[in-house]
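Chain IDs A, B, C and D follow the sequence of writing; residue 1 opens each chain.
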């Protein structure tokens, strides 16, 4: 076990390991991002990235095939892209299409290229592709009134195309908003943008986080957590049928649920709650969700 | 119609047409045989054959492939063979193995060769083959105690042989005797003689005549007529199953039945009765025998 | 009859009529003028004054069937409606000649050839149930319902349920029968299988219907049979007739009415357009075949043929079903002209089946048909049959005994036909 | 909640726990020490004093099933008795942990793998009817038989016969019912067909069993069902449950007892030696499938799986029967480890069929199984599955979307397994 103490002095909003589990990025209300390298039982802080003008909400590592690249988003309305070369970190791009706090940022499945999904309090989500020639071509979508709190990519899957054509990627993501809604978006080749595929109603207060299970091939699972102290599991049988809603548990949680995170297999769902607890959940044979433990400090 | 008047002065016992219906042979208690040629509506007597020492009971024409040949049998215990050549008739053979009256004589189906079947009051039947070199090789069988009144060949049919061999002829004949019995005989290749195959009981007095239906391929029919004033139809499903007895009619006839004769198709049976009548019979759909008319002078 | 063997002396005292067929299709005969013995011990003299020689057709009864039948029937060539028309004529003829003759088979064949015939038509042919309508129309004074039977009490019912939940059919059935609750017994019987069901039906019918009715035999037997047939238990139901003399007699006497009742209870299916044959459900097929076997074994050849024909059993040397020796080879006595013609029409009824090529077993009968035609002086009809047979034999396996015999017989006949044609007595 | 949109300010006032899975199978987390808001309007300070980085198996609950299951099961290689032994252990484990857990599926799979299991064993697994034996053993005071039901008089009986001879089932049935002669009504019903029979059974049971019994619902429903199943009318019998709320509830509540009663009433056939699978008669198969569909449509996934498993329905993307949309693709919730393992054992049960090559639909679930094993740190077990899958995919059609997705997912996993193996935190 590696233990990293006192990373920031202000509130910490995110901590993410890279593909190999060798680097940790954390971000904080102190407007900085810190990079740690971990090796065996040891670790060392290698960089403090400064550039944001407000609290940094989330960070996300790009797939290693694009290099050692990190994206971050902040209350200042910006998404910054950071890169390490020869042990030196620098900001290589700034994505500033939003007019309010950017609350989440996530790289797409690497199969799609260096594609970044950002969700903002200005009610929009943006998808921006970092092309080899350095240009950015953002797609901006009105997603939720009042504001978007989180956005999460679906895993990369192929779908049937027209009979004569070879199968195509089914690019989808989910968003959760301050309008209490969860929305499913899908890329449409003809209009070259993401179109609303479904709107899922179930929460009675702000949706704080949405997470699309990384498990491919079986049915799709989305977890949404909300200020209303509930978690809803949304499932879809095939890629085109309707979504079914299952409440994770009948009773409300003691406090707001802030974050949801799926394990790689989709087998375990971890929830971060305002009661200071991280609880684990799994689906049982009957299709009900049951507790699978709690993470202790 | 050809009408031939006053052929003999004594009792007449038989009258037979040849294969083409061009010659008629008659025989009589006057010890002679007469030959008539018929052409259109006319006829002429062409020969009177003398040679027997007693009444001549029966005559039979050989198949034309052997020439114009006639067989006759007599109270004198002899079977004589007559032949026409260049318009002249002569006795060509004498078959004298019997010690009493020979009551019937019949040529076998031509497929078997020039084979003659004779039945005698000495209780025996004989089968004699007239070979090309002129020799006679008689087979003599003890058939009926007291005496044999009639013998009749089965039509020529093939039967299964051992699996490896080609089909063989099934040579059979039927005899009727003064012991009231009807017997079925079958040639056995190994023992080179005819063996008793079945004994049919049904009559209560002398069997006067037996006739094996010439119709091949369907089941076998034998008619037997008797001094007991009945006619029995014996049928056999296949060549090897048991014989089934059917009375031609439930009531007895008014007098003795002397002779039975099948039509070529086997469709009509003609019976000569002591009441001076020739009655015709046919089988109906139900398997019962019903009258099919009477022959009027 | 202890008479001394006296050789054939009797022959010397009697002139009997002489009659002889000959291979040439001509006949010679002489009938004595006087009847009885010749003068006592006196000189014997023949009283046959004259021999006559005629062609066989002159003395044979004319057979209308043989003369008019439009055979040989040929797939794709002969028209069904022509045969139906011919059958109509024959049916009229026969019934005009003899009102007592059973025309069932002729009418059945006609129904089978006619488009649009139904099982009800066949049922009505066997038994005209319209006569029952009058009885059914009689007003029935409904009496007050007074309990006259038994049903189980609540505890018994619970026991039945418990027995069934433990799979103990026998105990459940026994209890129901003890309490004379036949409804429950029948239901339990339906669970256990055909045999048990039949047993319960039989027990119920004999218990509940043995009194009050004046012809209970028919009543119970017929009801029992119908119910067993429709649960697929024909074989067992008919086995009873073999064992019980009274039931045997009843079944033989009433075979038409019985068969009619079974046929009329087939639930009519929507008629399929263009379907040629009347469809017989397997359960009823089983009845027809088993009852046909029974009738055949009791010597009722024609009745059994009618049942096999309704069931569309092919004519064959093979047994009708695997566990019997009974065969359906010909219709009626095979040597009769009626049988030939009925079999040929029946065979033709199958010709709408795509791969049907005739019943091989009928070839010998057709040869006999040709012989009969020849004998009747119908040489050109006979030639049609021999031509047809010659063609059929060519396409049949050669090393088969029956075909070899057939070829041999056919050859003999064609030789005869041609020799009689050219002979001086032959037709021009 | 009419609160003014105040951006993510709430986030500035709260330190919540941080927990993140990562692709490397490692986890980072930090749990705040103090609960609740940070000081009112004061300077915000994180109370996460420490982040921990661990491999996922450190915080995941150990899954005994996944760890011990001897998969992947391979035809001709895996031994049935090994799985039976494993199942025995699991059954003991589960019941030791939680006495309330329903072990039916586990025990059913064990029975299906065990040589010599009978339908009675399965029936007893669903409902132990031995408890009824005591009730059946209680002595029963047979009361005097007093007529308490009805049967027709002789005239009526003659009318019934006449109606049947004219094929008029409806009139016969109506008369029998009017006279409350249910035995006769049942017999006539048996002639007419399944639907009519069911109707009469239903009418009879509801008329004759509606009083006196204190749990008449079960009584009538269960009897009615059994009788209808065994006449091949399961579909219609179960249709009632869709229409009637009370019966629906009853059927859902008592599905095990119902199924047990149907199974125990199968007439035991002589066991064929060497026959692996328990033979289900077609009539009972129909019941199992139709009842399974009903239970599925009422949300009883597991119960419906049990019925499909007893009926040996293959796991497939095709509907269970042609006239439904219901599919039997997985056992239970497909994403759970239990489902994976149950489905794999069930699949293995088919491997005695000569041409059986596995259910293609299980391939994605097996890939998920491999992911789960990897996540639990069981890399060598995971590799067994990925090897097995690699082989299976090779022999599957290539241009099939589902196989393409499968190959893609398998490739991603093998990459991960190999990179985590060589990483500094990997196992030796």
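Odds and ends about this structure:
In this text, contacts are C-beta pairs under 8 Å (C-beta built on N, C-alpha and C of every residue); 3 or more make two chains touch, one makes a residue touch a chain.
Keep in mind that this is a model prediction, so the values were computed, not measured.
Ranking all chains by how far their C-alpha centres lie from the centre of chain D, first place goes to B. Between chain C and chain D the centroid-to-centroid distance comes to 56 Å (mean Cα coordinates, whole Å). Distance between chain centres (mean CA atoms), chain A to chain C: 86 Å.
Mean C-alpha position of chain B lies 86 Å from that of chain D.
Taking the mean of the C-alpha atoms as each chain's centre, chain B and chain C sit 36 Å apart. Touching of two or more other chains is recorded for no residue of chain B.
Residue positions of chain C with contacts to 2 or more other chains are absent.
If the chains shown are joined wherever they touch, the resulting network is a simple chain of contacts running from one end to the other without closing. Chains that are in contact with each other form these pairs: A-D, B-C, C-D. Of all the residues in chain D, the ones that touch chain C in their complex are 120, 123, 127, 129-130, 132-133, 135-136, 140, 142-143, 145-151, 153-167, 169, 171, 178-183, 186-187, 190-193, 201, 204, 208-209, 211-213, 218-219, 222-223, 226-227, 230-231, 257, 260-261, 264-265, 267. Within the complex formed with chain A, the chain D residues making contact are 1, 5, 7-8, 11-12, 14-35, 38, 44-46, 48-54, 56, 58-61, 105, 301-302, 331-339, 342, 364-365, 367-368, 371-372, 374-375, 401-402, 404-406, 408-409, 416, 419, 423-425. Interface residues of chain A, counted against chain D in their complex, comprise 1-22, 24, 26, 28-29, 38-40, 43, 55, 57, 75, 100-101, 103, 121, 146-147, 149, 156-160, 167, 178, 204-205, 215-219, 221, 256, 258-259, 261-268, 270, 272-278, 280, 282-288, 292-293, 295-297.
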